[in-house]
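Shared chain: subunit A. Partners: subunit B in the first complex, subunit C in the second.
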Partner chain A sequence: MAKAAKNNTSKLKFDTINYAPAPESKSSAKIEAQYDLFINGKFEKPSSKKYFDTINPATEEKLSSVADANAADVDKAVKAARTAYDKVWSKMPAKERAKYIYRIARMIQERAREFAVIETLDGGKPIRESRDIDVPLVANHFFYYAGWADKLEYAFPNRSPKSLGVAGQIIPWNFPLLMAAWKIAPALATGNTVVLKPAETTPLTALKLAEIIQESDLPPGVVNIITGAGATGAAIVNHPDINKIAFTGSTEVGKLIQRAVAGTDKKVTLELGGKAANIIFEDAPIDQAVEGIINGIYFNQGHVCCAGSRLFVQESVYKEVMRKLKDRIATLIVGDPMDKNTDVGAINSKQQLETIHKYINIGKKEGLEIFESSCALPKKGFFCRPTLFTNVAQSSRIAQEEIFGPVLAIQTFRTDDEVIEKANNTPFGLSAGVWTDKGSKIFNLTTKLRAGVIWANTYNKFDPTSPFGGYKESGFGREGGLHGLGAYLNV
Partner chain B sequence: MERLEVLKTYKIYIGGQFPRTESGRYYKAKNAKGELLANMCLSSRKDFRDAVVAARGAFGGWSGRAAFNRSQILYRIAEMLEGRRAQFADELIKQGSSSADAEKEINLSIDRLIYYAGWCDKFQQVFSAVNPVASSHFNFSVPEPTGVVAIIAPQDSSLIGLVSVIAPVIAGGNTCVVLASEEKPLCSVTFAEVINSSDVPGGVVNILTGKPSELVKYFADHMDVNAVVYCEKNDTDKKLIQEKASLNVKRVLLYDKVNWLNENESQSPYFIMDTQEIKTTWHPIENVAGGKAGY
Partner chain C sequence: MGALLQIPDFKHTPTIDHIGVEERASRFTKRSIKAETKVNGLKLTLNMIDLTTLEGKDTDGKVKQLCYKAAHLHDAYPGLPTVAAVCVYPSMVAVAKKALEGTGVNVASVATAFPSGQAPRDVKIRDTKFAVSNGADEVDMVISRGKFLQGEYNFVFDEIAAIKEVCGKARLKVILETGELVTYDKVRRASDIAMYAGADFIKTSTGKIQPAATMPVTLVMLEAIRDFYYKTGKMIAMKPAGGISKSKAALHYLVMLQETLGEAWMNNEWFRFGASSLANDVLMQLEKERTGVYQSANYFSVD
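Up next is the complex of A and B:
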């Protein structure tokens, strides 16, 4: 009787259950065959005359080709942003600035479905996530920061904060539109103008956002969106007339940027990599914790800088957690991102899939035990089975380095102090998770974990009012909330 | 026969101890006339590394103390400094200050410590936030110290610059390694003695004397330092620090435009916030029944 109560969850027989396909319609997505650079309120041909393809990583089919901005194009965009800053945006009453940003938020809400579909087609993330998480957060972020525009002096006691000028912003491919919102919204609210570069594998939603910005009648040059790869980003970072660099991406590139701006007056914020600990205590609600583990590492295919990629399980519940975790992994639906049933979509690019495979092989060579979902993968496109490693040592490379894929490294612990020590033993410090029913233990952990965002009995939650950013080599500066304003102001 | 004065040996301060530099090297601190004031330790890279180990070791304890307790300890530093004004005045005058300027600098230094003592348990309230997230979660953000801070103290003063850069860093719960003014180093060692007798745990403040031209690069490239403070206008050094800082994404604070004698620009809780991180914590709010807060 007692035993039956303990094992009250039974494994679902997913091999005998088939979901009917539930594909989202692509009809709402209007993608042009070719996109130019959005500079000074107009779409302009690149002076490089070059374009590159952006593909759907789930099908490997070409979606569109986009302009490859060179240094001359960057210079043009910066000049447009400078002129807009000097002549219009810095002189506009703050409450009018706010109304433009509110207007952008509303127009995103109106076209939310279109954005969600294009985000999924271009980046490979499940449509359910684009629709329910990314795009709503994007609109909310603009709406939230719009209201700050005429209230900045309340955020900095005893100070009159001043805008910086032109902000150069470089964003990654894992949350393409959301990262654009995290960058553009606070920059505009604080009175700066913007040159933004989306990642080369996911440029489309940023270019669709440019359409909205055009339709919103935002003064030309206040936001410029230019596409390209690393060289374009470097031209932004090194441009002498940029006052602020905001970067989200890998720690490796973040360090190069910090070095590149040395000796200049550019203000910098960096939101870099992570290797977050997700810690499960024996008194945690195990079923919820297992959901938190799954969400922590397999959300967005593990392409999440704050992913809970190191799992620490207290020894006494290790067997139970592993059993339930493996059962749960078996139920994850991996496949067509446009299908509304899909839990894990496509890996963003061939290159990233190769990186993930490299790390899986490293794990195997290090002698770690591997477990992966037995699901079938689509024949075309870039896909990876949800994977975990056990018998992991602190020194294992898969426990030390950011993989940015659906690969979980699992370790065990006995005491609170032991797990705090292990969790903090990393150069990163972006996020962490703690699962226990004991409140005082939660606060012991949340105060001692050296990371910028701590989720207790939850994971991977985001909100425009909630500051996000790292300690240590995960970067500096915050995005979101009141604390996100300081990144774009002289206080 | 007249009594012979006992001269002070100026040593460095690491982990609550007063060792000589491990290098055995020294340099001569001189007054404007070129007369010898003291043989100072010419600290080495190894001294700096030892000091970082001490600072890292002290960080958990110091940052974990009650803010109120840190407040009392900073106040205690001010008390001890007040009690040893004569010694500081003597050293300042030896290093070229007029007695009026020395008086002013000491007063300002004591007052600055009192100022930051008061902030220790208040800045968190001013700069924290409860964030009204749209989901059923309790969410709050608080400042926390960034860790070990390497400080190259202002070079043009012996005491006020030193106090002004140490106080906000330790008020916020960080530990630090400080390189004193090369030309005017005397007060730094005496201030270390003040700290040593003020219940500041060993390792929280470590003070070295020596040459910035030799040590700046090590302050900036040490992989267990979280932030660097630099106060000079030397563009080559500034660039060097920012470049080396990128090795482990250090926070770099440049205070090259601050006049440390002007209260309006040289003290504020924003100096404390410069070496703070913002931590945001989420927790679900159970909302299973339909209960509402009424009345």
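Up next is the complex of A and C:
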């Protein structure tokens, strides 16, 4: 703006943002010293006799030890699920099935605070997110699919939909309880029984869910929850009496699963990695777009498969967006996930923190410009500052590979066609974001972007009624909505 | 200074996504303000209040009583700040000025045919001159919303500039009356017009129209102030007015201010609450923090 430009160095100062601690109480969360396997409606000791620890990534303190299921335990769980399917669940009138699912949903709501606290303790995500996002969505998922249970004929008219049988479900550590809900709710609504394995770093909320399922009087064996690491997952995938595998996790493991089930008649849905393009056009509502960038990449410490990890900014607004983005990052509060004011919590595990650091070093070696939040980090626990790289090229590894952490790769573009080409130039295709004030531009991009979920003028919004899933190496099959029912039915 | 601002085309002011801005505003309300942060925030709130009486039935007596309260909010609690200003009609400025002498509390006067603004420009100018010559330290003008909604942005701009000219040393607050502008896009446009035309403050509402100040509207205006600061290096002050009557809401506004514009704005030179009933709720909360128990409303004066 004319001569006033000399003042452009004026900086906003956010150094003094320092709220008194506001920790959520842990008293509502009852965590046992040891958890067994939930098989056939009971908690049973593992035949492996082995247990492993699960820790709080924010303090590195042990929370509990959890059974390590071996192939014999998996077999027991599958048998329980098969018996429950044959004798009870597949024969039960659909509206009776629905009542159980509604009951589970209500019990989750009643114990929402406990779930939120344990989710945060075990996984490191801020209590604000587990309280306001994860747990309410979990209850909503059960409510939504409970409603479908006795309406499947209407969901698929003239197709007489039939349940599949036993579903083996393997879920990741980034949204432990929410992913359990995404898996269990549609499976039960469609009349299948379940063997579910939570991730080894975040098993506690799934085990708490097992307690609720027990209290809900759901017939024994309909839902079995067993804990363990990769070997346990492999035993589920390879079990001959499983009809359907539903997996959410890394592309690498997704490929292993795909190989393992080749030649069997198991149905599969895979929800894998992503490297989403979040695209800011010059006519976007810039302040809200900046907020969308923050929600896109720093939500849940960037441990989000659909994270907006590649930011594309139109060159004409690049300076403005960068200035606002940096000011916004300066206000993010990183630290104790149990504090209600924390925006960015702990990285889920030491291993994941090392992966993120590896990529940050790659970015530095590639000669990219790095910007980090200047916030102080706690001395203990696994933490990473919100980070971004600028001047990133399409050929940079930072722009190509999934980092799964709070690291943003920023590229610029000039025209619509250019950004569509760049956005699609990736092996992944899970999600994308488009920011513009112009409706026709939104529709042009949404038809051309090869991604399963595209958000317009928002980012990382989830709803049980909306299908979610990927293109290309982001997997196949859809979860959520009407589409999510189809994945558990023969139609 | 002396550098001329390049005036933008107000037909092309930045757009606002209403869902995004409302979400962002609600996020500030999730901050949990406790302990010393709360006490400091409450005291700062008191110090940012423009204690207001804008009624047809205002009298010298009423204004004098309000002025006493402005400087003596609650003497039972030692060390409390005064409010920032007392806001009255022009006819009451002289009374307020005398009553507030030596207290450090400013006199703010509404002007320009407040609250409707439906008067010829020369009347508005005389109204403003009258307030200033009677000693008003601050002038709260209203924009011509009718002209604004007709798209006559130059008219609105020129009017603000004309009023600013006769304000002299008095700081000019420009009331947008956001409840009549309705959309965030229009709030943003009016904010830009006011700032480029010379406003020292931009202010949401007269208090006579519903809705008055809301958090999303205030956020849109704070972001307009931020953009203006980015472009010119010049700070503009903000005053949400009407509808903020509870301490908790005031603290949320302060969180929003701090996280949008930063620490430089966290004082009564750059932020005000236009409110009449907020002060007593803040006092009640401060006493609660000090003594651990809530006191009856009877212990707080109702001026």
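The criterion applied here is as follows: the second predicted complex is superposed on the first by the 479 of 491 C-alpha atoms of A that agree within 3 Å, B and C clash if a C-alpha of one lies under 4 Å from a C-alpha of the other, contacts with A are read in each partner's own complex, and residues count from 1 in each chain.
As a working rule, a contact is a pair of C-beta atoms (placed from the backbone, for glycine too) under 8 Å apart; a residue touches a chain by one contact, two chains touch by 3 or more.
A quick note: this is a predicted structure, and the numbers were derived from the prediction, not measured.
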Practice problem: Applying the touch criterion given at the start, work out whether A:Lys99 contacts subunit B, subunit C, both or neither, answering first, second, both or neither. | Solution: neither
Quiz item: If you stack the two complexes on chain A, which partner ends up touching A:Arg397: first (subunit B), second (subunit C), both, or neither?
Solution: neither
Exercise. Determine, under the contact definition given at the top, whether A:Thr458 touches first (subunit B), second (subunit C), both, or neither.
Key: both
Practice problem: Tell me which partner A:Lys326 touches in the superposition: subunit B (first), subunit C (second), both or neither. | Solution: neither
Quiz item: Once the shared chain is lined up, is A:Gly292 touching subunit B (first), subunit C (second), both, or neither of them?
Solution: second
Quiz prompt | First (subunit B), second (subunit C), both or neither touched by A:Pro427 | solution = first
Practice problem: Determine, under the contact definition given at the top, whether A:Pro21 touches first (subunit B), second (subunit C), both, or neither. | Solution: second
Quiz item: Which holds for A:Lys255: it touches subunit B only (first), subunit C only (second), both, or neither?
Solution: first
Quiz item: Same subunit A residues contacting subunit B and subunit C, which ones?
Solution: 457-458
Quiz prompt | Residue numbers on subunit A that touch subunit C, as the complex places them | solution = 1-4, 6-8, 10, 12-22, 128, 132, 283-289, 291-292, 320, 323, 331, 340-341, 437, 457-458
Quiz item: Along subunit A, where are the residues that touch subunit B in the complex?
Solution: 140, 157-159, 251, 254-256, 258-259, 261-263, 270, 272, 427, 442, 446-447, 450-458, 461, 463, 465-469, 471-476, 478, 481-483, 491
Quiz item: How about subunit C: which of its residues touch subunit A in the complex?
Solution: 3-6, 8, 14-17, 19-21, 23-24, 30-38, 223, 226, 229-234, 258-259, 261-264, 266
Exercise. Write out the stretch or stretches of subunit B touching subunit A in their complex.
Key: 126, 129, 131-135, 137, 139, 141, 144, 146-147, 226, 235, 238-243, 245-249, 251, 268, 270, 277-284
